[in-house]
Structures are given as C-alpha cells and as structure tokens.
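Below you'll find the structures, each written out as structure tokens.
Both complexes shown next keep subunit A, but they swap its partner, so subunit B is in the first and subunit C is in the second.
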Partner chain A sequence: MALDLILLIIIVICAFAAVQMRDLLSAALVLGACSLIMAVIWTRLNAVDVAFTEASVGAGITTVLMIAALSRTRRGEEGGEERDMGWVHDGAANKRFIFRHIAMLIVVLVTMGVLIYGTMDMPDFGDPDAPAHTHVARRYIEKSREETGVKNFVTAVLVSYRGYDTLGETTVIFTAGIAVVLLLRKQRR
Partner chain B sequence: MFDVAGIVVALAVLLVIYRVIKGPRICDRVLAVNAIGTKTVVLLALIGFMYERPQFLDIALVYALINFIATIAFLKYREMGRLD
Partner chain C sequence: MKEHTVIRAVSRILIPFIQLFALYVIAHGDLGPGGGFQGGVIFGASIILYVIAFGMKDGRKVVAEKTSDILNSTGVLLYVLIGLLCLLAGGAYLEYTSLAAFFSGGEHSEHAKHLASHLGIYGIEIVIGITVAAVMITIFFEAARHEDD
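Moving on to the complex of A and B:
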C-alpha cells in the first residue's frame, strides 16, 4: 500500500513538473519518466499487457515522437517570459489581470468539485460487489482458460473476447503511424 | 522483505525525481530519467517476487531493453539537431 502511495505521489509530482517546465524537451523527458512509473502501477494492478503498452508507447515511442516534433519546430515556449509579468503599473490592466485569474480559479474549482462529486458514488477499490465484477467478470475468471487457452485474463479479454475492438484499435494506430511517417519523412526539394 | 525493498526503491525514485526537476542542464535530466528507468526495472522484478510470479523477470528484462530508446533519440537530436 505504501509503495502504491509513493508511486502515485511521484506521478503527481511529474505531472506538475511537466506543466511548469518552460523547456519543452525537458517536459517531454519528464513525461517519459511519468510513463515508466505508470507502467509500474499497472504491473502492481496485475495488468501486465497494459503496463507493457504503457512502457513501450508512453516512455519509448511518445518521447521519440515529441523530440522529432521539437526538431521540426522550436524548443522554447512562446512568450514564456512575459506570461509571468502580469502586474504592471496600470490600474485597468491590473483589474483585468485579477479578474482573469479569479475567473480561471473559479472554473478550475468548479470542475474539480464536479469531478470529485462524480467519484463519490463509485464503489471502493477492490470491492467484490462492484458492478464491474458482478456481470461478465466471473465468466472470464472461470472459463477464459478453457475457452481461449490464454493464461492471463486481461490478455484473454483484450485479444479474444474483445478481439474486434482490439482490431479496430490496431487500425487506428496503424493509420496514425502512416500519418506520422508521412509528416516526418524527408522533404524533397 | 520485498515490500520494504520496493518502498526503498520507490523512495530512491523520488530522490532522482528531484534531479529531473531541478537538473540545471538537459543532460542531467536525461541521465536522471535513465536512472528512473533502471529503478523501474528493479521495481518490476521486486513486484514479480512480491506476487510470487517470477516470470515478471522477463518483463523487467524487456523494459531494460526499451529503456534507452528515448535516450538514443535525445542524443541524436542533440548531436545532429534532427532525428531523420
């Protein structure tokens, strides 16, 4: 339990750091670290396949693609310096500044409240009576071995019970891959 | 015992995170992220023994293999200014 807590804290720290960083290359690296820790959390939840996808796609390919995108654009953040200097010696501008920040704060707080309210009636973590565990999960646990011959439930659900779903996802990823190759290939002059 | 070891390694990751965030130069950050990847491999092996499923060791090995893709991409970007 303590291990999960530390890992989740690390994820939150990484997310804040990635948002706060001015240097986009550093932000991409921090997101890669975040993905690695997320993969450990998936493994803690016994979802090895998801962890594998997270590590290879999140930490490996996404970082490479971000660096590739940065090599085509610029590394710094646009207007990063001026953004902090909101306070100037001008009454009307200061009022606008305060109003904008208070409005943003209200929007963020309301969104947070709605999201927390949405999680209130969710079942506890690992609750055996949760709706997710009362319908088809029992059949997956009891029959998946003989029906599909796959040892891991998650793998059985992904590639066998929801095979068409996974096929559709693969199509999406393949299309995205072709688009990336088209965008990144050398331009002919 | 594996639980305690896991917590210690996770705390070590926290220490490295400090270098990732603070790191004055980009190279410090790259090395720190690489160190986090190594610690992730150790954590995965430990989790495998925690759950008494030592086949997680194979997964940890594959993690170690894909760990440095981002580092290689970064080094290439750093040296040539582009990736293609």
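Moving on to the complex of A and C:
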C-alpha cells in the first residue's frame, strides 16, 4: 500500500516536471519515466498485459517518436524566458495578472471537485460485485479456455471474442502510418 | 551519431536479441502476457535502434521504403483475409473455430476446433505484429530529420 502511494506520488511529480520543463527533450524523457512507473503500477494491479503495453508503447516507442519529432524542431520553447514574467511595475497589468490566475485556480479546483465527486460512486478496488465483474468477465474466465483453446484469457478476449474490435484497432494504426507518409514524405517527381 | 563506436558495437550485439524477444512475445501471446501489439512494437524498436546508431541511409538499406510501405498494408489485408477465410469455411466473420472445416470434414471434434481457433489466433497475432512493426518504423523514418534536409 505504501509502495503504491509512493509510485503514484512519483507519477504526479513526473507529470508536473514534464509540464514545467523548458527543455522539450527532457520533458519527453520525463514522460517516458512516468509511463514506466505506470507500468510498475499495472504490474502491481496484476494487469500484466496492460503493463507490458504501457512499458513498450508508452515508455518506449512514444518517447522515441517524440524525440524523432523534436529532431525536426528546436529543443526549447519559443520565447520561454519572457512568458513567465508576470509581475511588472504596472498597476493595470498586475491586476490582469492576478485576475487571470485566480480564474485559472477556480477552473482547476472546480474540475478537481467534479472528478473527486465522480470517483465516490466507483466500486471499491477488487469488489466482486463491481459491474465490470458481473457481466461477461465470469464467462471469459470460466469458458475461454474451452471455447478458444487459449490459456491467456486477455489474448482470448482481444483476438477471439473481440476480434472485430481488434481489426478496427489495427486499421487505426495502419491509417496513422499512411497519414504520416502522406503528410511528411518528401514529394518526388 | 556516426562516430559513436561504442553505441554501434553495443547495438550490433543487442539487435538480434531484441528481435528474438519480439518474436517470442508474439508467439507466446496465448500463454503469457504479450501478443502482436507488444511484439510488433519491440520489433519496430530494434529497427529504430539500428537507424539511430547507423543513420538514415544505412537504415533504409535494411528496410527499404517500399518494403515498409508494403508491410504497412499487408497486415490489415491479411487480417481481413483471415476473416473472409472463416466466412468461406462456413462460420461467422473471424469465427476461428470454423476454420476446422479445412482440415477435418463433416462433424468437427473438440480437438480440431481448438486447433483451428489456435491457428486463427496465431495468424491474427502475427498479422497485428507485422502492421504495428511496419507502422512504427514508417513513422520513425518519416518523423525524424533526414541528413540531407
């Protein structure tokens, strides 16, 4: 329990650092670290397949692709230095600055309140009566072995029961690849 | 990174093992964690490592533009074809157990159905792996800056 809490706190710190950083390369790397810790949390929740995906896709390939995209642009943010100088010796500008920040704070607090209110209705962790466990999950766990002949029922759900959805997912990935080729490949004649 | 001898030497040793691991992950998706998506990403990453260590031009020698483009669409095409094969065998779209019709006539035994389902799932895993690996390689090649830019 303590370990989970520490991991979650590290994730929040990583996310905060990634937003605050001026150096985009470091921000991409910190996001990768964030994903890797998320993968550890998935493992602790016994969701090994999700953890595997998070580690390879979230921490691995996404970071690499972001760095690849960075190689086409500059490493720092544009005009990063001047942007944060909120407090100047000018009464009207200072009032606008304060007003803007208070408005932002209210929006953030309201959003946080709504999200926390939303989590109150959620079932407890591991609750056997949770909606996710009462519909098809039992069938998948008990019958997938004899119905599909596959031992890992995550794979059974992904490829066999939900094969049609996976076809859609594969098409999405394919479309992404084609779109990148169409947009970025140099036109030759 | 042309002058980094250490990186080149290390990646030369590592890449075969990464690729072997990728194939293991794809092949063992039905027994343990993993499957086409993860294996494909790992395989794509091995090629990307090669490109980072040896440069775009040498990378394109390993995976030509045409190869990755063709593999991109081959995956989805084969996925759809496996689905159609199930229709042809008399089942529903992507109902792998119907594939048993191809190797056991008439009434299918439980064993034949399991085998058919297994084959279908293997096929889909491999096909997803091809798509994901090819798309990751393509996106990296197109997104990273080329030396002649």
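The definition used in the following text is that the second predicted complex is superposed on the first by the 179 of 189 C-alpha atoms of A that agree within 3 Å, B and C clash if a C-alpha of one lies under 4 Å from a C-alpha of the other, contacts with A are read in each partner's own complex, and residues count from 1 in each chain.
Here is the rule we use: a residue touches a chain if its C-beta (ideal position, glycine included) is under 8 Å from a C-beta of that chain, and two chains touch if they have at least 3 such contacts.
As the structure is a prediction and not an experimental result, all values here were calculated from the model.
In the superposed pair of complexes, A:2 makes contact with subunit B only, with no contact to subunit C. Of the two partner chains placed around the shared chain by superposition, subunit B and subunit C are both touched by A:64. Looking at the shared chain after the overlay, A:150 reaches subunit C, while subunit B stays out of its contact range. Of the two partner chains placed by superposition, only subunit B is touched by A:46; subunit C is not.
In the superposed model, A:30 makes contact with subunit B only, not with subunit C. In the superposition on chain A, A:178 makes contact with subunit C only, while subunit B stays out of contact range. Contacts of A:134 after superposition: neither subunit B nor subunit C is touched. By the touch criterion defined above, A:17 lies against subunit B but remains apart from subunit C after alignment on the C-alpha atoms of chain A. Contacts of A:56 after superposition: both subunit B and subunit C are touched. The intersection of subunit A residues touching subunit B with those touching subunit C, taken from the two complexes, comprises 48, 51-52, 56, 60-61, 64, 68, 71-72, 184-186. Within the complex, the subunit A residues that touch subunit B are 2-3, 6-7, 9-10, 13-14, 17, 23, 25-26, 29-30, 32-33, 36-37, 39-40, 43-44, 46, 48, 51-52, 55-56, 59-61, 63-64, 67-68, 70-72, 184-186.
Within the complex formed with subunit C, the subunit A residues making contact are 48-49, 51-53, 56-57, 60-61, 64-65, 68-69, 71-72, 146-152, 154-156, 158-160, 163-164, 166-167, 170-171, 173-174, 176-178, 180-181, 184-186.
Taken together, the subunit B residues at the contact with subunit A in this complex read 3, 6-7, 10-11, 13-14, 17, 20-21, 23, 26, 29-30, 32-33, 36-37, 40, 43-44, 47, 51, 56, 59, 62-63, 66-67, 69-70, 73-74, 77, 81-84.
In the complex of the two chains, the subunit C residues touching subunit A come out as 25, 29-38, 41-42, 44-45, 48, 69, 72-73, 75-76, 79-80, 83, 93-94, 96, 110, 113-115, 117-118, 120-121, 124-125, 127-128, 131-132, 134-136, 138-140, 142-146.
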